[in-house]
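Both complexes below contain subunit A, partnered by subunit B and then by subunit C.
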Partner chain A sequence: MKSRMLLAGIAMTGVAALAACSTGEGVDLDGADGRVLTAAIAGEPDQLDPHKTTSYFSFQVLENIYDTLVEPDENLEMQPALAEDWELSDDQLTWTFELREGVTFHDGSEFTADDVVYSYNRIIDEELSNAWRLSAITDITATDDTTVEITVAQPTPNLLSSLGGFKGLAIVSEDNAESGDISTAPVGTGPFSLENYTSGDSIELVANEDYWGGAPEIAGVTFRFISEGSTALAALKSGDVDWTDSIPAQQVQGLEGDDTIVLGQNPSNDYWYLAMNQAKEPWNDVRVRQAVAYAIDRDAIAQVTSYGTAEVNQLAIPKASSWYSEYDTYSTDVDQAKSLMADAGVPSAEMELLVSSDYPESVAAAQVIADNLAEIGITVSISSPDFASWLDAQNAGRFDMLMMSWLGNIDPDDFYYAQHHSAGGSNAQQYSNPEVDALLDEARTETDTDARKALYDEAAALIADDASYIYLYNPSVIQAWSPELEDYEARGDRAIRFKSVSFSD
Partner chain B sequence: MTMSEKQAPAAATPPSRGSLIGLLLQNKVTLAGCIVLLIVAVVAIIGPLVAPYGVNATNVVNALQPPSAEHWFGTDDLGRDVFSRVLVATRVSLLVAVASVAFALVIGVVVGIVSGYTRGWLDTVLMRGVDVMFAFPVLLLAMAIVAILGPGLLTTMLAIGIVYTPIFARVTRGSTLSVAVEPFVQASRTMGTGSFFILRRHILPNITGPLIVQTSLSLAFAILSEAALSFLGLGVQPPQPSWGRMLFDAQGFLGMAWWMSIFPGAAIFITVLAFNLVGDGLRDVLDPRQRTILEARRRR
Partner chain C sequence: MRGVLENTTVRFLARRLAYTAVVLVGVMVVVFSIVQLVPGDPVRIALGTRYTEASYEALRAASGLDRPLWEQFVGYLGGALTGDLGVSFRNGEPVTAVLLERLPATISLALAGLVIGLAVALPAGIYSALREGRLSDGIVRIASQFGVSVPDFWMGMLLITLFSSVLGWLPSSGYVAITDDPLEWLRRVTLPAITMGIVAGSIMTRYIRAAVLDVASMGYIRTARSKGLAPKVVTFRHIVRNALVPVLTITGIQMATMLGGVIVVEVVFAWPGLGRLVFDAVASRDYPIIQGAVLLIAVMFLLINLLVDVLYAVVDPRIRLS
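Showing the complex of A and B:
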């Protein structure tokens, strides 16, 4: 309290001083309010190499350090970033990117086409976690300092969202990456540069005065790691932090009338789903899977996991997206479920439902699902290991049904190909439908947007009809910040951007 | 001769069962503890039969309702009746406590009695092993065991059983050491009686006092350990209710639904307190010196 009073005193003096020299010439207002934003995130990054990490906590920080060639705007349409302009050849196989000039890395070195070539080749050659997003690329060449040519094997209409969807495809500095410093001291071209990383405590960023998009108004960002939601909210209310996304869903309603904070709630591109192991009996029978889809109470599941903040959806892509399509085959109908079970000749079954204790909402939902399925003769035992063990069990096929979510997808190919194509890398449920495979392959290279959407709509409906995934709901992005923080926006892709925010006094 | 006549009844003949229970129940606090335990035991047996609602029956529309005539203890985040769950959880909590302490008792007594009676290198080896186990904090060791074996009801019992075994081994060994040098044991041995017979006939009956007390106290700690393990998400797995698991589920709702945590918390508190009170009462009665004082008081 004392120190805050003192700060207020200093600020007042500052205002008085400004008022005194009212000519205003040369007074640096940015410097005057130079306040550092403190953000509480729910966990610590595992590392800060954007090409290697898969942790959302890392990307919350890296979003502010790095740039990509293109980046999604608030409607998730791709906009110029490090690339100012691009052209696509008539045969749809060569993309030419014109890069922004005069951009420098935080260490002062100049950003050139070679950095782009190096970054993408690093991901592809070292087979890093996002290599699959670049799988269509056959060649990347720097034709001069500011031009990059990317050749693809077949028409790839989603190349832009693959290159710019998130900071996993960031353009890195070769020196920084080769020296290995990148995992703790990353050097980017973004609006903030890393100043200090204290493991277990905080990450401090300072504003990049030379940022190509204009220097940020705030002096810097300090990320603190507070996993306990109530603690993070208390810190926000007391003014210790200015922003947090560590918010338990059940507390959202209570926060809505609270004018000491601003609550940002936005439909996200994430989705939660159930998937049954089709390598096992009786889940290989489509009628049993449909019976499960009819037996569960989606509204109840969405309620206990999200407390009215999520939107129930029977497909993956949310309403807000231009790729959304209507689908409502399943509604809770126990009689229909029972008759499907009878048709399949499965009067009763035992099911191991795999959820993770790291996602408490999945454990809550599992108990509702167990209760729902008991009505149609399926006895559910719930297994809730930590997420690492969950992944092992999924990959080894040790489950009857699992519940999990996907996040950060933008293009419909992200939503459906890896999960439901017979050759898909994330098809843990072992779904195989030649018709779906053909549709997904065709949609991948279809360049006409409307025709492409029609293909995905058809594929998605087939996937849901076959209950390869039983889609549950799209959760909301829920963030809260201080009323003094201005121009911040909770984005549907969960990107945390502080480059254009400012503080009111 | 007069000396040994005086000593003999205290050391060799255990007090008659009737007088023991009479002494025990004379203490009002112990009596209260016994009554509470009796009620808890009855609830454990008939709980699932008398519970007004299905223990895992979710009703999300009815979630987070405060206590009312319909739901005496309110409802939880999935709309389940907290009263029914507390009742049914009694059986799980008691089952874990009794099974794990029984495990610890059997293993601990065997290790302790062998150790204390045979002495020598076997004693050294067994007791150093017990020392190693004592070096770990109880809960940490239990968590490590669960981490290796995977969470669940059975591993919870096993983990708690293992961590309480050393205490029983120590108590048994100490008592065995002092009983083994008594004249009647020496006499029996001189007459050529086999070791197993001596252990069963002479030593075991004379060390039951401390063991009963230890059992009663360990039951209290076992209930707490089960609650702690379940609270950490390592014990009983959902949807099966246990008091600790209910507390775990309630922690996200502390500010919104006090009834989710108060009632299972109170159940743990009352049961553990009752076990401790009865344990204290038993110690007073079974300790020969304490008993003399009690009997003297009674005569007055």
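Showing the complex of A and C:
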């Protein structure tokens, strides 16, 4: 007994001695330039080429290294960035962008119109993952060093959000991209430049003193990869890190009211939905689809998938967006659902519900949905393959109903056209309503914002009435940071921007 | 006589080496089969949602999956023997380079864990065996049972909560190379090493206790005692030294296990070693990395076993002749 106590004593003393050697973590002062912010993200980027990566972890870092021509403000409206100003021709087919002068890349080379032309052509010519966002473009020309002309095939009011919605459309340096260095040592024009990358551990950025928007107040940002949420939170509370989004949803409740941290929780622009295969009976009957929409319990689904942190929504676009419109036709009403089923002459049905094991929340939701639908005579069998097989099944139409989410949309065209236009590229449920087609086509080229919104509101209501998608909820962006961190905001588009933050003393 | 001895030693080592080589080939067959047994198309899975036919064909050709099975195996075998384990699906980096980059973090953590484990297990195991059946023996046995059973994940969180959140003495996570800053490395390795050391130490305590008890019941110990040798001499020269052989075995196994990267510990403490690499590779279905890591871990296991066998021969001459 004594010796065990002694051992424990030695261990404790050793730990204390180590602690005494510490110079105080997290308050590393870097001269007069301020403090380095340490951010814990939940995983490691696969690569740092903004045009090639599809990983959110990459974009968390790249948001701070790169710029786009325009960028969304906190209300997700497009504001000048590398382009100072732009004009649209009367026929709405030519966009002329005036670029900011005196901007340099992190390697010191000057930013010119040629870089814009190179970047967009790279995405289009190499058919990179965001090429579809530029599909309306027929020509990109640098008319002089600071002017770029973009020609589109038809009026494209959402061009700005396609060009600036996220850093996947970043303006890159040709030398950096052609050398291949871009995947590990990207060179951008943004507020921070890459200093060091330790595989498996961290990425260090330092402030770009020459940033066109003014040098950041903090000296730099270190992104650390901490996939275990409890570890990240412990590191935040002990001051090892200043910011994290590696937070398990079930811990959010426990963090509310904790004054050692600031919790940021905002419904995002992402959304989850159900879609029934309208090429199959009985799902081709709108009454059966509406019955399903009345039978499901959205609140219960949001509870199991997100511990109640998500915001239920019967349309796709969240409240905070300027494109939001109100719609609350459906409620959980089993009697209404049963009478719709009776009207359709479908007393009972078998349904294969397709979800993916790569998205555990969809598997959890599927259990609730199966329970809900059993009450109206629909027997659900759940199939949960990996995501690649899920995609195959979706594309081949091998499903009765599926559950999935769409991420990162800003413009309403992104929310509705591909999914619900009868010629849309992602209309796997095979929805076709000529009225909706006409509205979406018209809205696509309508340049008056208010008129455009009215068209989308109408289309969205029809889509929900027809239950082309049964919208479920917008998951929340959940982030936490140190109370010393000032001027940081959790954004609905999940962009992590540290350029204007500072530390209080 | 001396010539005969050397001869048998050489034969013993040659036999061990041959055995290692056979196991290695078996391991490579298994590792190679991982990709073949995956349901679905691994290239398709690796590429995710949006990709072009060209990039699909390119990755398929680069990973050799378009060739006949036997050709793939011969290619893999040949590549592996020359240190070429293919490229990562995730970012196209050579697998060998990725593995070598992660190895130092895992080795330094494993050694620190082993040191802590032995520091606990040697005194506790010997003490407990010599006090067999008494209260203190019972306490050590219960404590070591607790150490074996407690999930390392939970132990890690407990240590983080105590030393990092509450006391604020040590950082909860992160890695600094020992060659960059030895003191900072020590601060950061302490909690994960204690977590691993508790588990390894508990397992070794039980083995050491059993080994010491085993030797202590031998006839020659009774003889030594009845000869009137001092108890200390009996304990340390006769019992402990002879108990070393099984202790060596379990130490080797523990070291090999920790070198394989204790996945949970590395993930909890965000330690950029092999375990974390395997965890991330499984999550992103990066099969070349998974294959490479499994092969490397198996090779390290075999090498350590070989080393332990050689050490046996040094410690115990009888083994050479068997």
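We adopt the following convention: the second predicted complex is superposed on the first by the 453 of 505 C-alpha atoms of A that agree within 3 Å, B and C clash if a C-alpha of one lies under 4 Å from a C-alpha of the other, contacts with A are read in each partner's own complex, and residues count from 1 in each chain.
Simple rule for what comes next: a residue touches a chain if its C-beta (ideal position, glycine included) is under 8 Å from a C-beta of that chain, and two chains touch if they have at least 3 such contacts.
Here the structure is a predicted model, which means the values were calculated and not measured.
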Which superposed partner A:388 touches (first subunit B, second subunit C, both, neither): second
Subunit B or subunit C, by number of subunit A residues touched: C
Subunit B versus subunit C as contact partner of A:43, first or second or both or neither: second
Which superposed partner A:454 touches (first subunit B, second subunit C, both, neither): neither
Subunit B versus subunit C as contact partner of A:334, first or second or both or neither: neither
Which of subunit B and subunit C A:237 touches, first, second, both or neither: second
Partner chain in contact with A:219 - subunit B first, subunit C second, else both or neither: neither
Overlap of subunit C and subunit B interfaces on subunit A (superposed complexes): 230
For the subunit A and subunit C complex, residues of the former touching the latter: 1, 3-4, 7, 11, 14-16, 18-19, 21-22, 25, 43-44, 46-47, 54, 127, 129, 183, 198-202, 224-228, 230-232, 234-235, 237-240, 386-389, 391
Contact set on subunit B toward subunit A in their complex: 56-58, 60-61, 63, 77-78, 150, 233, 237-239, 252-256
Residues on subunit A engaged by subunit B in the complex (per definition of touch): 229-230, 248, 250-251, 254, 297, 299-300, 303-304, 357, 360, 363-364, 366-368, 370-371, 374, 382-385
Residues of subunit C that touch subunit A when the two form their complex: 39-41, 44-45, 48-52, 54, 90-92, 98, 101-102, 105, 120, 123-124, 127, 135-136, 139-140, 143, 157, 160-161, 163-165, 167-175, 183, 186-187, 190, 194, 267-270, 272-273, 276-277, 279-280, 283-284
